[in-house]
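Across the two complexes that follow, chain A remains constant while its partner is chain B and subsequently chain C.
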Partner chain A sequence: MDANFLLFFLDGVVFGLILSLIAAGLTLIYGLAGVLNLAHGELLVICTVGTAVLLQAFNFPLPLALVAGILLTMGTAAFLEKILLRPVYLLEGEERVLLGLYMTLSFSILVHGALITSFPLAFLTINLPVATVDFMGLTVRTAQIATGVASAAILIGVYLFLKKTWNGMAIRSLTQNETGALIVGVSVKRYRLLVFLLGAFLVSLAGIIRSVVATVAPESGIEFTILGLLVTVLGGIRSVYGTIVAGLVIGVVYTFLVVFIGTYLAYVALLIFIIILILIKPYGIVGERW
Partner chain B sequence: MVRAESTRLIALIVLAVIYGLVPLVFVNTPYVIFILSQMAFFTAFAYGFNFLFGYTRQLFLCVGAFIGIGAYITGISIRDGLMGSVEAVLLSTAVVGAIGWVVSYLSVRRKLVVIFTGIFTLAITLVFNNLVIGLANVTGGETGFRIRGVSLGPLDALPYNLRYYYVATLTVLAATAIAYYLLFYTRTGYAYRCITDEEVSAELVGINVSRVKTLTALFSSAFLGFTGAQYGLFSQLIAPSYFAFSSLDIPAQIIVILGGRATLLGPHIGSAIIAVVNEALRFLGPLTQVLYGLTLILLLAFFRNGIADFIKRKIFSWFF
Partner chain C sequence: MDSLEAGYGDIQVLWNVSIEVDRGEVVAVLGPNGAGKTTLLKAIAGLLKPRKGSIQLDGKRIDGLPPEKIVEEGVALALAEKELFPLMTVRENLLLGAFNKRARRKLDENLALVFSIFPKLRERQLQRAGTMSGGEQQMLAIGRALMTDSKLLLLDEPSTGLSPLLVKNIFEGLRKLMENKSEMSILLVEQRTAQAANLSDRGYILSNGRVVFEGDIEGGLNAQAFVKKYLGM
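Let's look at the complex of A and B:
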């Protein structure tokens, strides 16, 4: 097998895991709160821009800046959930979904505008101390391995959290049957906030991990939102497991498309690929019903 | 009922008179005429979006991309001399209509239509932007390309901006009149209003909701392609920034929500207000986007039904 092929595949897997981290938050928030968070990519950028500004302008040490960036993102998510989405929760059914989409879209427009005018140069790149390692005759970038392992570990953590802990089980029960969960005494309000915080935490980690393998620009929020949403749709919008599979599929396919037909056309091909997959498997690739 | 119908007819005639007379006041200030033409085009865009989102709840987040596809097809055809301007505009209309139909068909096939349409059309916006920049040798990339002016027949006697003001105004007035007739005087229109009010009940009484939705998407998208082609001819410079999400989608959404979704007069009212406000806040420059986002949030939280509904409820209730 060609060595380059393996490296591209590894690239794709890493990118796919990052997309899964973004999409896992989207899926959890949609499943529990009934809001498709179109500002999710902007949350990622809030974290990277916040960290970059603290690093460049205030000379914070890296770990402190990262923690501050994550906390900033979680704070924003709490604001979004507690204040902006308040009118949304008063509605039911399709109206709620529609207003939720719209509210988060407006918020993402606001954040995008504010970030690109205030901090147009806040790019975040984190360099690891060791550049490359030799592994079974291949020269692999350390960044790739580190980010891949980190994302996989986080995703396993999310999986265990949902399966094993009380809070995780409460979240799953609310997603599957809200009335039933209410009857046994699970508070929707509390877990809605928790899920937003968790989503913000995961998406900040995705941003940080992305900045180890590539540069995250202040204006790239919408792109991450769209990629995350495509993963969510392909994975079956309520299934975290499906999201991880779909993230890997899209990450690998997208990386190879970029290599073979170029960055710009890759999006077109990716969209066509997803349309075909959705036509064949209308309930997502792992086949769970919405 | 008679009274409501005559009120609507009067509103339509008043609208046409206002559109006809306003530019005559400003005929000596080309800048105002330019703003008015821009406003007329935005009303048209909001009209297309209103039918998709307001009436049938299909959240198409690719208004800018659809308008852009229309403008690029027409622009490229005219620049390279592939076909005459009329054929080019027709081709744009057909292509965009077809894309809109496909999107709607795919979404209707799945449940949770609102979300799927939203995600899918956002992806179309992204693909459009990448395609325009990626195919730089055809589209001129980031800087775009210029086309020469096209003859508009008898309208050529007018100053340049005024010509396109009338083109856009006539288009949007014709759309208003046709929509008005179809909605209130035909059986299909009755079914349509049922769907707007309560989709599930409409389905239960035997209305084919999916078919109405896909047809709406077909016609509204075709309308966006048609006006987009005109917009391209009007601006003569066809560049990606003109058709970006922030320059077309966001204004169209604000116009529809401010004016009143699922109303025929809403987009006209909203567009007039936004044109004035936009001029007044021009000094803000790039911060306008922040303001747009904030406006949308406030409108959604406190003024979701729009001005048209407000007038109908609070002011007209005095008369009836």
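Let's look at the complex of A and C:
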């Protein structure tokens, strides 16, 4: 039981880190552009489907297919931001949020329909060369270790990017005070595009990492959007640090719920758990008020 | 700036306003609440698009440019609302002031200048900006504007809401700044007329969005009476 407990916990951490990667982009885009991107999960699937199609139908080597998948996703995000969301930015406040919801939801439904009808069999599973390793007397799947380390490294990279680089500082300044950022010469338009590209990049990596531990299906976009939104809300909507903590909490709790009460009830129990947490801490689990 | 008109939505605030600031000069714009002083500064900094008229910096038109380009041309703004980044440290706020390329090259030099003018900011470097007092936030807003390494500094009511002692601190800081950066021009908007008049070379009085006086504003307490006369108060 002890050994299993540890393995489930590890599973939960990996799942949580993947959720954090999805939600980090949602949080950044919402904080900076005022758009809650309901097509975010579809972006993940665009990457996995694109990669799978290149692998299956065109026999691309894996690294090339992955790079192409990521670029395709980032290109889609740029199209979404630059073309489809243009009217959204003419509005401010609640109106912008609402129109942003409509636009990204419509885009999400469109992408979902296009993918499941055009590429219904484009499942992505990436197998690592070595299946298991022995670690402190436990047999652990290599995939778990590799994906856990990779996602943690990416999240640390995001943190350092936001904290230490001029571009990262500019992004944080825009989420904290847009007028202040304009005064010091930060361009809103430029960084709006940049956070969409960054969000698409992170969600692509989340999709690829997920396909190492599980299979990602063409129709799973909505599920990832919903999980990403839950993490974002629980993390305090604008705080990337909160997003990472919330991702880990939801990942671990969900994994244990699946083990103890089964997949279907786990969702219900997870939602109840999140509702209670939000009732207790309405500004998110790290509690930063904006 | 020539015959500038600006406003918000359907409401026009500025009517045919012409103002000139020479290199190294400190010019005060005085006037009561609602006269259009802040609107004037926002229009120069590009936060509002002027409806008519032109704004030139060293002979180059800057009206209609986006705010980040105007910063690059050399205009800095410190607003009365401060507009700081509340969750960042004092140091990070100052660094962001130096976001434009020209300022990045002179970052260390300007940071040293800001710390010499407002020593309090050096002490508070690692504190979050949102947790500071109003006076300290005002110093930070001015310090951040100085970090942009501008030719023209726009100051919006640096004394608003501060105790007399803090106001004295701020104006002492500005005096030090003028000694250190004699080539920089300052356009200072104020309600507290005496200090502003003391500090400045020339002044304008703005009332209901129009310039009603321009020229020398007598120093000291006389200034108050002087402004009152022009505003008919």
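To be clear about the criterion, the second predicted complex is superposed on the first by the 288 of 290 C-alpha atoms of A that agree within 3 Å, B and C clash if a C-alpha of one lies under 4 Å from a C-alpha of the other, contacts with A are read in each partner's own complex, and residues count from 1 in each chain.
Quick note on the criterion: a residue touches a chain if its C-beta (ideal position, glycine included) is under 8 Å from a C-beta of that chain, and two chains touch if they have at least 3 such contacts.
For clarity, every value in this text was computed on a predicted model and none was experimentally measured.
Engineer: A:Gly185 contacts which: chain B (first), chain C (second), both, neither?
Structural biologist: Once the two structures are laid over each other on A, A:Gly185 reaches chain C alone.
Engineer: Which of the two partners, first being chain B and second being chain C, lies in contact with A:Asn177: first, second, both, or neither?
Structural biologist: The second partner, chain C, only.
Engineer: First (chain B), second (chain C), both or neither: which does A:Met169 touch?
Structural biologist: Touch partner of A:Met169: chain C, not chain B.
Engineer: Considering only touches as defined above, state whether A:Ile237 meets chain B (first), chain C (second), both or neither.
Structural biologist: Touch status of A:Ile237: first partner only.
Engineer: Kindly classify A:Ser106 by the partners it touches after superposition: chain B alone (first), chain C alone (second), both, or neither?
Structural biologist: first
Engineer: Of the partners chain B and chain C, which touch A:Ile280 in the superposed model: first, second, both, neither?
Structural biologist: neither
Engineer: Can you tell me whether chain B or chain C touches more residues on chain A?
Structural biologist: Partner with more touched residues of chain A: B.
Engineer: In their complex, what parts of chain A are in touch with chain B?
Structural biologist: 30, 36, 38, 84, 86-87, 94, 97-99, 101-103, 105-114, 116-117, 222-223, 225-226, 229-230, 232-233, 237, 262-265, 267-268, 271, 274-275, 278-279, 282, 290
Engineer: Report the residues of chain A in contact with chain C in the complex, numbered from low to high.
Structural biologist: 166, 169-170, 172-173, 176-177, 179-187, 288
Engineer: How about chain C: which of its residues touch chain A in the complex?
Structural biologist: Where chain C meets chain A, its residues are 45-47, 66-68, 71-72, 76-77, 79, 81, 83-88, 92, 95-97, 99-100, 104, 144-145, 147-148.
Engineer: Inside the complex, what are the residues of chain B that reach chain A?
Structural biologist: Listed in rising order, the residues of chain B that touch chain A are 57, 59, 61, 106, 109-112, 114-116, 118-120, 122-124, 126-127, 130-131, 133-135, 199, 245-246, 250, 253, 286-294, 296-297, 300-301, 304.
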